[in-house]
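I've put the structures underneath this note.
Heads up, the next two complexes both have subunit A, just with different partners, subunit B and then subunit C.
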Partner chain A sequence: MSFNHILLVLFFFVLLPEFIRKVAPSGKYDKWPDVKKLLDLAFGRVPQFQYNAQAALALAMIFTYLALKADPDSLASWLMYVLSLALFTYLAHLFSDELFDTFWNSVISLFSFFVLYSLISGIINFVMVETDWTIIWKNRRMLLVGPYFIHPITGTEIWRLWPPFYLIMVILGSAYGSLGEKKRNFLIPYAFFGAACTMFLVYEADYYSPKADAMVSNRGYDYIKSLILLLGGLVSGCISFFFVHSRYCDAEEYKIKYFQNLLVSFTIISFIFTIIIIDPPGETENDYSWNGILGSGVKPSAWGGLFLNLIFASSAVVVGFGIGVSLAFGRRSNLPVFYLPSITIIELIRSGPLVAWLFFAQILLPDMVNPVWEADIASRVIIVLSLFFGCYLAEVLRGGLQAIPHGQYEAATALGLSPLQIKLQIELPQAIRTTLPAIVSQVIGMLKDTSLVYFFGIYDAFRVAKDLPAQWDFIGQHEQALLFVGMVFWILSFYLSKISRRIEKNLGLAHEGGGEAT
Partner chain B sequence: MIPYLLAWNFILELYFWLALLLLLIPTFIIATNNPHGRIGRAISRLSPLRDVNEEGAPENESLLARVRLSFGELVTSSRSTGKDFEVEIAQNKASIEKIRSAVITPLLYLIAFLAYYRLSKGFVQESLLNLTIGRIDKLQDFPFHILDEAVDPATKYVTTAISIAIFYGIYSLGKGNLTPKQYDFRIQALTVVAVLPFITYFILHIMWLKENDSSWYFDLIFMEEMAGFTLSNEWPFETVLHDSRWQFYRVGLYNAIRVVLLSIVGCTFLGIFIGVSRLSRNRMLAGLAESYVEFFRNMPLVVQLFFLYTVVLGANLPPFSEIRDSSFLGWIFISNRGIVGPEAGIENMSLFLLAIGVLLGARIYIRFSERVLEGNPTVPILVDTLFSASILIVVYGIFNIVEWNYTVKPQASDGGLIFRFLLSLIQGIPTHEPLSMFILGIILLVGSALITFRLDEAGMNVFTVDDSSEGLRNRSILWAAVIITMIFLFYQSIWTMQPNLITEKEVMVDGELVTQELGWGLWKFEDGTSQSISSVFLSLWIGLTLYTTAQVAEIVRGSIQSLPRGQVEAAISLGLSPYQRLRLVILPQALRSMIPSMTNQYLNCWKNSSLAFVVGFSDFYAVFTTIVNNAGQAVPVFLMILLTYQAGSLTISAIMNYLNSSVTKVKI
Partner chain C sequence: MSKEIIVTEGVTVSFGDFQALKGIDVKIKQGEIMIILGPSGSGKSTFIRTLNRLQPHDGGRVIVDGIELNEDTTVADLKHVRSEIGFVFQQFNLFPHLTVLENVSLGPQKAKGMTKGEAEEIAMRLLERVGIPEQKNKYASALSGGQQQRVAIARALAMDPKIMLFDEPTSALDPEMIKEVLDVMIDLARRDITMIVVTHEMGFAKEVGDRVMFFDEGHLVEESTPDVFFDNPKAKRSKLFLEQIL
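After this line comes the complex of A and B, so read on.
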């Protein structure tokens, strides 16, 4: 008995009486039971606890999973299926006041439940029962850092990625520590993150290849060294969190601001330091140059994986922020030397899609800048991405700047602030505060658009996922890789939008709207 | 090593920058240090001359003892020295400010000066190099030339001069004794001087590239040459290898317009439906809508398109070899190459137009049957009829799009290209030339629409429509009847042919005809019996629609939620049903705030259609990249790409701006 049959039963024996009662003359069919009464009859005696609904939902999902996992025609599968449906019906009973009060409401509820159940059981079936995720598990390092860093010969250069990891952990720990929240708000997610990293990096370094029918080593991956380095990074993050938290949790606000300024400068320096470590400048190899000390490095066109997407996105956002703010102020200026170029640049760059500008970066930009600067493809892509982001940011900020009351300027001028001080200290904070949701959505859009660079031979996460099914063990398994990379991007974007909603709430920007439609 | 250090090359420079930065941070820390804080007190313990603490440092203690005391001060917990708290904060901030003005600002000036010097040096050098004798042919008569050996010293002097000028200018601006006019002039002059190296570099360098690099080419002659490749999606045009590149561009443009129009229509309807469902009282429906929006909004479009193309419409549909088993009654065949349907054409154009005319006539009838209109209704009915007739003319033009004739016949009276083109259009009307009819139809459509859809002085719609349930029911019955009639008439006016899959061929074996089974790689549908929608088109259309729907749904939800709550409560208290509430109260007001954001989303949809190359659909961007790979003329192709996108964006913006002005005529 499939779900369609049950739905048919529900529609005909439960909703039909309601429909008849609705269209027939009043009073004639009032004795027929409606959905709510039926549910109450079935589940009215169940005792109420505080987490009834959540427990019922969790149990129903577990039973669905078991039903899908078991043999399709066996008794166990049928039993699990019936149990899960019974639990869903119980959930319907718990919410029956909202879901089944009018006829059309019941129809919508049943239809939505059908769609939802198909989706959920389809997802559970796909993710946990049907699919073989070995392709992702075996290639997880390549998805993270690209093929250059895990190749048996060139992969020794991966030591260059550990110092940035340590620095990022220290900065994250210090930044969270200076926020002054309860310790466990940070430690519990951090523990999960640490456990996930450990499992991800370390577990099952060798894998079982079905085609070769043997345990195959994962390109000589020495997981003990990675484990030690990883634990060192996590512990250093934890230590920095504790240190900063103990010093600054009760401190004065100006001390915290001073520390945060220090942290920003430290971040910029560590970013430069990271770039120098990964790709030391210069080409000569004598003992006193960067190349002599650090080796010849890894050119940016060889970087890859998810970390490349993150580098592109963060560089584009940081550099683009400067460009965007300058263009926004330039556009609003009265002086022709500022507003004419600003308007030209903004309209020119916004007229084409990002792929057209990436085409420009690949083919036309090298000719234009080559005598002065030998830019490789990654630097050119960063330039173009930051210009693009800057122009869209300028448009967004223009709206925010227009919304500032004019009295602000007059007060600032009366106080004797110079034009630059007015822009940086009065206008910009108010404009950013007003337009923060739009800015965050642009940042999320930029993160998603970094997956377009695959067209230029750069091995970002999307290209790696696209080319994974060409491996001999995993021919034709397209869905797993694409879904995994899509999910990673999805998680990052979703997390960013949740953070932005929290920031909006803290800034008092979330408004209670009216308008319920149906 | 010493000569190495004295050489001014890149590595030394990086040492210099790093050392400067590393010096800056401790300076900042120490300079802005709170003398009452831990580090400050520790330092004061070391030096007997700083008398910050009440106790002071004993003068006759040895250095070791002082170091020990200082270290002790560093690790013990901090305590206030008992001074007034506000005074302490003010003193700290004053000391920070003093150090900043005395130390930090000059250092920043120095770093900025050196950075600008380093940045502009290369550009100045290249500009001067391009100004040497004989380098650029176009500048032969330019009076100002430089000798080759003078370039390097001149670079240094010019760059230093520019840098000093700029930073003196910034300093003089900061002094603060300028009138606003002087300030404005100086800052403009400063900016011009600051960007002068870069602008001269670009101008001179592009002039040099034009003469020395064959791919920097500003002509469009290459577009008339043979293209040399074939397209994968060409309906309704046919392109062959010998067609000019202009023809390929035209096909690509129509492809893109088709996909974007269909996506915009789809995403508007679906987006409004999902946005309104998101606000439903029914928790499940709202949850479903929210999960849809969150899912599709946060996933990159490239991944979605590729997933649709590879998995959903690729691996999950039956392969072409099994196409015989997956057909609907032999009329529609589905495979991973796309959907193949019957070939259809218009046998009787007048019957076809009659079918559409029935629909439009019903519309006029409904519009005028319950009108509240003052005066004689004849003229409005006539204008509306003209509007409907112009729609029919436009449809006629579109359905004969393959026969559009752009060539212009030379006339005896030569009045220029545009005049000849217009004359040929006008002369085409009596002979039912499709392009002329199309343009005539568009003109009549726009004109009559402007008249027939106007609002009166109070901004109210001239017509009221019965929105009660009976009125709705009557109208629905009428529309149902009209649509059935329309379908019947359509069916009469078109001819269809069942697609014929050829799987065998006749071969002479030993003198007699034998039918031989072909391998599935050679199967094809007989020419003229089928039409196909390729899976690339479907994946691009569905992917673009689903992605843009999520954005539109968010916009709709936001604009509905920004309405004042009193509107909805008043509508409820008036006894309006939910559908009436939505249609009469909520959506008209929500449209005002929705339209600018929707314009943005439509523009994004138009620009996202460039991702057709991911799935292999030949829209004009993909055609252009192939042309660049073949012919190598990157610069004019890039300019044409930008111009085409800009033209499309301007069209969409113009239409939406007109809509915007029409819904904001009423002042709320």
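After this line comes the complex of A and C, so read on.
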């Protein structure tokens, strides 16, 4: 007996009678209860607690999962179905005032529930029951950092990735701490995030490998050291959260603003620090000034995995930001010497698709830059991505600059500020403030665009996922690998857009258009 | 006699075909308080904007503090003139991304190269003078219109100017807030500072003005003391104007 059978029963015994009751002459079928009454009858009038619905939903999902997992047609499976149905009905009861207040509303609710349930149970069935995710578990490190960092010989270089991780955690913790919200709002999601990271690192199960013709562990690496480092990172994020939160939860707004500005500067410095740690500047062995400490580093073309996507995107954003700001001001300038090149660059770059520009980076750019700088393909790709991001950002910023009231410019001029000071102190901060949501959506776009580098033999997460099914043990398992990477990109983009909405909200609440009184 | 700090000779300004100023000759002495009256569109604001070259003039001469303002004025000279002139706008034009204290201390820091500490000390003194030191860490949008305008006056004063230009400072304010701004301006008028005020506040003009200029359609129609102007205006246009507003 599957869930759909139960729904069928529901249809015949609840929905159909009610339909008859509505269309039939009144009085004749009044004995049939309507859905809302039925639900009230089943569960009574319980008070609505804040977490009731969430808990019920989670439990309902778990029972659905167990029902799908259990042997079909067994008593256990049937029991689980009934339990999950009861929980879903309880959910419906919690919202019965909105979902079942009129007859047609009840019909629509039941139908939507049917569709949603089929979808959810389908997803649960696919993700948790049917599909074998061993390919991801076995290659999790490869997906994260690419082949170079996990190679038996070159894998020792992986230590270079830990300092950036610590920095990111500290920055994240401080940023959330400075928001001055309840601790719970940060700690609960953070605990889930930490648990997910730990599980991703530690999880182990044996699977049958056709290549070795034996049962093999799906982890295949020593995790103790990484686990200690990971927990250290999580704890340092937590500590920085508590530290900042205790200092700034009741602080005045200008202090928080000041701290957040500091944090932005710190983020940019950490980014540069990250690049230096991973690939210290210098071309030949003798160039490395920190040879003893940092060694020769890892060239960008050896980077890989999700880490590469993130670092390419952030490089493009950081470098592109500088380019974008100069192009935006250049385009607004009255001097041909500034606005002609700016317009040319912006229109030229924007009129070609990114892929074309990436091919330009691969094929033509070496001829242009090689005499000065023998850049590898990864560096060239970063140049092109930055330019691309910068040009789009320039147009976004130009909109923000045009929206600044002329009075701001006049007031700054009357104070005796130089044109450059006006641009940097007055115009730019206000333009960034108003265009921040648009800028964040550019950043999301850039993060996804980085997967295009898979054309050029760079092992980004997407490329890794595409090549994984060539492994002997997992031949042809394309869906798992690609879905997983798609999901990771979705989560990252969703998180970024959540941040953007949040910033938008903060900006909307605080000081809009302070110069205008009329 | 104190020296003449602002001299204009035949100043003209055109916007396309429209001539906003049709030859203005004015001499203003140091420490004088000059009131500019006139109907809207008469060129009052345009005139005081030419004095710190927010509005470049097409013809005639503008000489401020011994420096002639035109296309050939060096950047250093222009900067000097602007640091000598404080400008207060009708719409306040405070910087919305900065706190009150930062608004006031920005000028001395950036244009005069003071350290942050020095600039903030000056800013605090001025905020006390305009009566809102307790608002120093708020953002402009959290203040009332009158408070914003007082911050704007403090911001202009922070450059320690010899001349203050006011472009209808109370026109964008609610009636009950006008007094607090005028009080600050009257206090300012008692110190030895040259003020040029475009205003519609006749009471203020009578009380503190040393001289009154009446503008109409780009011409300087009448120039006299407040007593003469308000009680016995010579020009026909001035009479008409006074009849309409009094």
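Quick note on the criterion: the second predicted complex is superposed on the first by the 286 of 518 C-alpha atoms of A that agree within 3 Å, B and C clash if a C-alpha of one lies under 4 Å from a C-alpha of the other, contacts with A are read in each partner's own complex, and residues count from 1 in each chain.
Please note the rule applied: a contact is a pair of C-beta atoms (placed from the backbone, for glycine too) under 8 Å apart; a residue touches a chain by one contact, two chains touch by 3 or more.
The structure displayed is predicted, hence computed values, not measured ones.
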item: Partner contacting more residues of subunit A (subunit B vs subunit C); value: B
item: Which superposed partner A:P429 touches (first subunit B, second subunit C, both, neither); value: second
item: Touching partner for A:L262 - first (subunit B), second (subunit C), both, neither; value: first
item: Touched partner set for A:M368, first subunit B, second subunit C, both or neither; value: first
item: Contacts of A:Q408 with subunit B and subunit C, given as first, second, both or neither; value: second
item: Touching partner for A:E252 - first (subunit B), second (subunit C), both, neither; value: both
item: First, second, both or neither for A:L417, with subunit B first and subunit C second; value: second
item: Intersection of subunit A interface sets (partners subunit B, subunit C); value: 252, 254-255, 418, 511, 513-518
item: Sites on subunit C touched by subunit A in the complex; value: 52, 54, 75, 79, 82-83, 85-87, 89, 91-97, 99, 106-107, 110-112, 137-142, 145, 148, 152, 155-156, 159, 172-173
item: Subunit B to subunit A touching residues, read off their complex; value: 1, 4, 10-11, 14, 18, 21, 25, 28-29, 32, 34, 89, 92-93, 122-123, 126, 129, 174, 176, 183-184, 187-188, 191-192, 201-202, 205-206, 209, 213, 215-216, 276-277, 279-285, 287-288, 294-295, 297-304, 306-307, 310-311, 314-315, 560-568, 578, 581-582, 586, 590, 607-608, 610-611, 613, 621, 625, 628, 634-635, 638, 641-642, 645-646, 649
item: Subunit B-touching residues of subunit A, taken from the complex the two chains share; value: 95, 98-99, 105, 108-109, 112-113, 115-116, 252, 254-255, 258, 262, 265-266, 269, 272, 276, 281-282, 284, 288-290, 334-338, 348, 351-356, 359-360, 363-364, 367-368, 371-373, 418-419, 444, 448-449, 451-452, 454-455, 462, 466, 476, 478-479, 482-483, 485-486, 489-490, 493-494, 497, 511, 513-518
item: Subunit A to subunit C touching residues, read off their complex; value: 252-255, 405, 407-408, 410-418, 421, 425-426, 429-430, 433, 510-518
